[in-house]
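Look for chain A in each of the two complexes below; its partner is chain B in the first and chain C in the second.
Now for the complex of A and B:
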């Protein structure tokens, strides 16, 4: 699947998660993410996944509930009271605070999992390739760093063995100087050779993209428009101000795209956009619309569930709930292509 | 002359705006509830604010990185930065594989050293790129990343400020050896170990601490809000960040002097200027160096 389809999927999941505080709807999104993570292709060579999803989910929800229950003493259903005057901790422990904390845990888990699936599904090289051309020196630095990582690890092992042969033992942190310093010096020598090799091959980094006054002025204006929109939104709380902020972001993105147009790039294998990418993008975006667009057959108010002051069972909208399963669309596509 | 002044002003205006926007983004939990309460608008969209902060910080990081790369990047810097980031990212890899006590992280040590020797621009790139590369290799890309990049960039960017302080101390004590330098940088590392955690906690504070009326009350001053955050920080994160702070002190104290010597030596080697000799024929076609 095209990497931009994955970005669209990620954005829709994050937008859906930010649109709701209803635990039932968040749980359905988490369920779809759980299935997605099972089916996501793992590229173990490139990516280290630092945690298993389900235990991590339990730890996160437990921690968020416990933390909120111990520090937020609002709500009418009191379990017990912590005596004394311990700052932040002393006070009533309520059911409402536990539910609010658990909902925080659900949303945070959703954010973590969606990014984990994104990281699992795309290789590091694909992510680097997505860096705009205007930032090609940055992409090159990242590329050098990632490509030299295995070499650095190998070199570290060689140095360790060489020092061990000389009778060097690693007991204290000071002993690591004899490992770290040769590694640093060796890497800096290599960077010298690399710079010479790049120059010899005619690599000229920035002669084509000097930051001009015009460029700065446009970026400056974009940032000012963004800040203005944000301030208006904070003061008035109107949603149209969000549009102003987005316009500021659009100005900056457009300018970087415009600069990128003049920078030549060799593409050896262009990523194709298939019919399935249209289908998957269409399905997930349609599902997302149900979270934001008021329709006669849906009730958007149930998405903003608040357990305070007295916890009640959250309402559930079956249509939005069913639509959330549409976020599974990339999984079906991947399953088909893997067959 | 006129163009140079205009360029300098526009460059610093952009840096100031980005830094100001970054501070505004991180500090918004302190004033947002007050603004909303005073204007009778109390509906806090809890899930939305961290996203606005993420977008704002992403813009700031990209703009600063773009600005630096157009001014200060050549092949030598690209290669040097790539290698240093690779070393630092491998240290982060070790940290994920073998977690240290609390928030202990070996990456800040090299960011501080590099920022101190090579300057603020280089330090900012070192901090921001270390975080992005290590996130790519450990699968840690997420909405928290722009905040981490920006704050780590600040660590590197602020390190040259220590030069003024260290020069002053060296004059007072009439000594120019490296001990004062290493001790000062270790204290600086200790400060950033704690401050980095305090800044990063701000991203999630309103999100974790519940609705605004639970961490903020009508009529309380900015100082009171700050005191509440300080209590929250002391209870939830201080012990964790202390691990990072002590780690920075230990690393800078032990590795500081030899690493500074090495980086200075290579700085001299990397900052050579290619002078084209007057030759009887046109040399432009051979001038491949940037």
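Now for the complex of A and C:
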């Protein structure tokens, strides 16, 4: 599937997550992401995420609930009250605050999962191709870092075992030094080897042009114009101030485009846009429309659920709920191609 | 093609030169082997050819180098990379991309070649190295040998006339190494590619080399010439060459095929046959199935390690199936088999890093399946494949003391100083462990697990990356430990090393023990594991050059 279809999918998921605070609808989106994640994982030997996703989800939801419960003291269903005058903390701990916090946790998990699936589904090469050529060294660093993650994860486990056979046990923070020191040294040695290998293969990061004085001056001028426009807007509230800010942004974008154009680099294989990409993009965008466009057969109001002041069971719109399963479209396409 | 004139090089912050007064000329289309002990300057010499030394390393270089009309000292590695392709020891650490095709195209994209040209070169190099089926595969899913071929492919795309490989087979099992060397020989013959490679496992590479450059310990060029002349001159412990010297052959054989021809002549010219020589020396003809090594005597002792019906699976895929194994005190057992046979899994189950899903493991009669790793490793020393993972202290001696602290042993069973002396590291007690050579680092790691004076030693591929001197040191060390009554279980792909050290050999295949017996039985009759000496004299019962000495 084309990487731009994946970008469209990612944007629709993020937009849908930001459009609703209804826990039931967010849970449906999370369910579709769970299915997608399982399918994406099947094709990968090494996951890019160096920890298990489900425990991470639970930790995120628990942390968000606990944080909101301890800092937001609104709501009518009181569990208990923290006495004293501790800033932020003292006050009632309510069911409504817990629900609101958990909803935030669901949304954060959704954002995290969608990016994880995006990473798992696209090759490193594809991801760095999306980054403009002006930022190629940065893109390459990201690529190397992404490649290093599974290796570091494997290495950490090897070091843990190597230390365990010397009777080492992890009780205190200082005990971790024996894990992190070899890991750090090993990672530095690997970085040096990679740098040497890249030099031997004639890699030069094309960064001279970007870091030249001329380049720095132009970017600085662009920023100056942007900030000037913003300050004028703040002080005088003039309408043309926005235009000045936009001009600043345009200078910076133009300069990066110009640098990219002059960087000698080629792409040997351009991605093709297939019928499946039209279909998947069409399905996910149509599903997203139901979250924003008022239609006679849907109720958009139920998406903005608020547990305060008294928590009630959230309403559920069956049509929007069913439409959320359309976010699974890339998974069906991938499953079919893997067969 | 390549000309060195009085080349010397000293690394930054070093007072001792790594290379001294090196002069030689190599011709186009030659396959040249660079040998020498660890630290003799092999890698430095190779890096001089493409300009990594001094451009990447820094340091002071003297003399004159010319490589296919280029001066690597004046020009940069970027200019040289279209003339010289360089492949490093560990292929995994030189990859930038995660997929085969993307990795190979990476350099060409950086050189801004047109997409059509990239596609053409990519197809050509994939076909040349028989990698067409790997095109879309993730690099992490490939074996070590396959990754090494990808690394070669990625440098060949720039169409260099010289290919340099720094110990390319050191991480590979025998089958993968043989495969890779055959690929290199084909490239050398069919494409007239000049190939220069350094290697420790000489018995593998000698048959393929046209010439040898041998560096001495101080970075001097000790010998240069045809492998036969060089190895006759320098005394390297390669089995076939040792054998030739012991049998007083005038010329040394470079391959098993060559040695077989010599052996035929030897048998014909010799007044008495090899079997008769054995009788004259007061020994009967050696029956490969009736070995008389001391291990047989010790079988009556209760085993120190006993494994019964052991089973282990990774995510439902069986790695070990009903494995039964006894190791007596003072016995050395060598575990062999292809990659993925379950050898490392067995060792990791014994030390508790993996919990057996079936069967029992007894240590001195005690069931250890529920014991902690730390508890087990007080009585069993385990040296993993990469000893670097164990070393993090500032000084060698501290590595040993840390193990004692971990086990809360206030009264050390042996003082760290004494153990370091036994390991031949007495003078290195205050050195930084990672500054030592591969063999020395391995001995430090061994010291770190031996300081509790355990009754058994388990080693996972301990000869990987070791030169002949370091291997001999390891062999002597293990013999000493064995004579102290320690049970030793080691995994190795190195058939020649195993033949010298084993009392008993076990062959593991897809998680099952398929064969076990004496070294003479296994190494003379079990095809994938027959030693070079045994291949040359199949009926003699000789498996190592030492056996020849015994008879003569």
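Descriptive notes on the structure:
In this text, the second predicted complex is superposed on the first by the 199 of 339 C-alpha atoms of A that agree within 3 Å, B and C clash if a C-alpha of one lies under 4 Å from a C-alpha of the other, contacts with A are read in each partner's own complex, and residues count from 1 in each chain.
We take it that a contact is a pair of C-beta atoms (placed from the backbone, for glycine too) under 8 Å apart; a residue touches a chain by one contact, two chains touch by 3 or more.
Computed from a predicted structure; not experimentally measured.
Of the two partner chains placed by the overlay, only chain B lies in contact with A:216; chain C stays clear of it. Touch counts on chain A: comparing chain C and chain B, the chain ahead is B. By the document's definition of touching, neither partner reaches A:316: not chain B, not chain C. Applying the stated contact rule after C-alpha superposition, one finds that A:163 touches chain C and leaves chain B untouched. Of the two partner chains placed by superposition, only chain B is touched by A:235; chain C is not.
Of the two partner chains, chain B is the only one that A:71 touches; chain C does not reach it. When the two structures are aligned on the shared chain, A:203 is found in touch with chain B and with chain C. In the superposition on chain A, A:267 makes contact with chain C only, while chain B stays out of contact range. Using the contact criterion defined above for the overlaid structures, shared-chain residue A:178 touches chain C, although it does not reach chain B. With both structures placed on the common chain, the touch criterion links A:188 to chain B but leaves chain C unconnected. Judged by the document's definition of touching, chain A residues 46, 124, 140, 143-144, 146, 177, 181, 185, 190, 194-195, 198-200, 202-204 lie at the interface with chain B and also at the interface with chain C.
Residues of chain A touching chain C in their complex: 44-46, 123-125, 140, 143-144, 146-147, 150-151, 155, 158-159, 161-169, 177-178, 181-182, 185-186, 190, 193-204, 264-270. Taken in their complex, chain C has these residues touching chain A: 50, 52, 55-56, 77-78, 81-82, 86, 88, 90, 92-99, 101-102, 105-115, 118-119, 122, 138, 140-141, 154-155, 158, 348, 351, 353, 373-374, 377-378, 382, 384, 386, 388-392, 402-403, 406-407, 434, 448-449, 452. Of all residues in chain A, those touching chain B in their complex are 14, 17-21, 46-50, 64, 67-68, 71-72, 74, 87-89, 97, 100-101, 104, 107-108, 111-112, 115-116, 118-120, 124, 127-128, 134-135, 137-138, 140-146, 148-149, 152-153, 156, 173-174, 177, 180-181, 183-185, 187-188, 190-192, 194-195, 198-200, 202-207, 209-211, 213, 216-217, 219-220, 222-224, 226-227, 230, 234-237, 245, 249, 252, 256, 306, 308. Chain B contributes residues 3, 6-7, 10-11, 13-14, 17-18, 21, 24, 28, 32, 35-36, 39, 41, 43, 46-48, 51-52, 55-56, 59, 62-63, 65-67, 69-71, 73-76, 78-87, 89-90, 93, 96, 125, 129, 132-133, 136-143, 207-211, 214, 231-232, 235-236, 250, 254-255, 258-259, 262, 266, 269-270, 288-290 to its touches with chain A in the complex.
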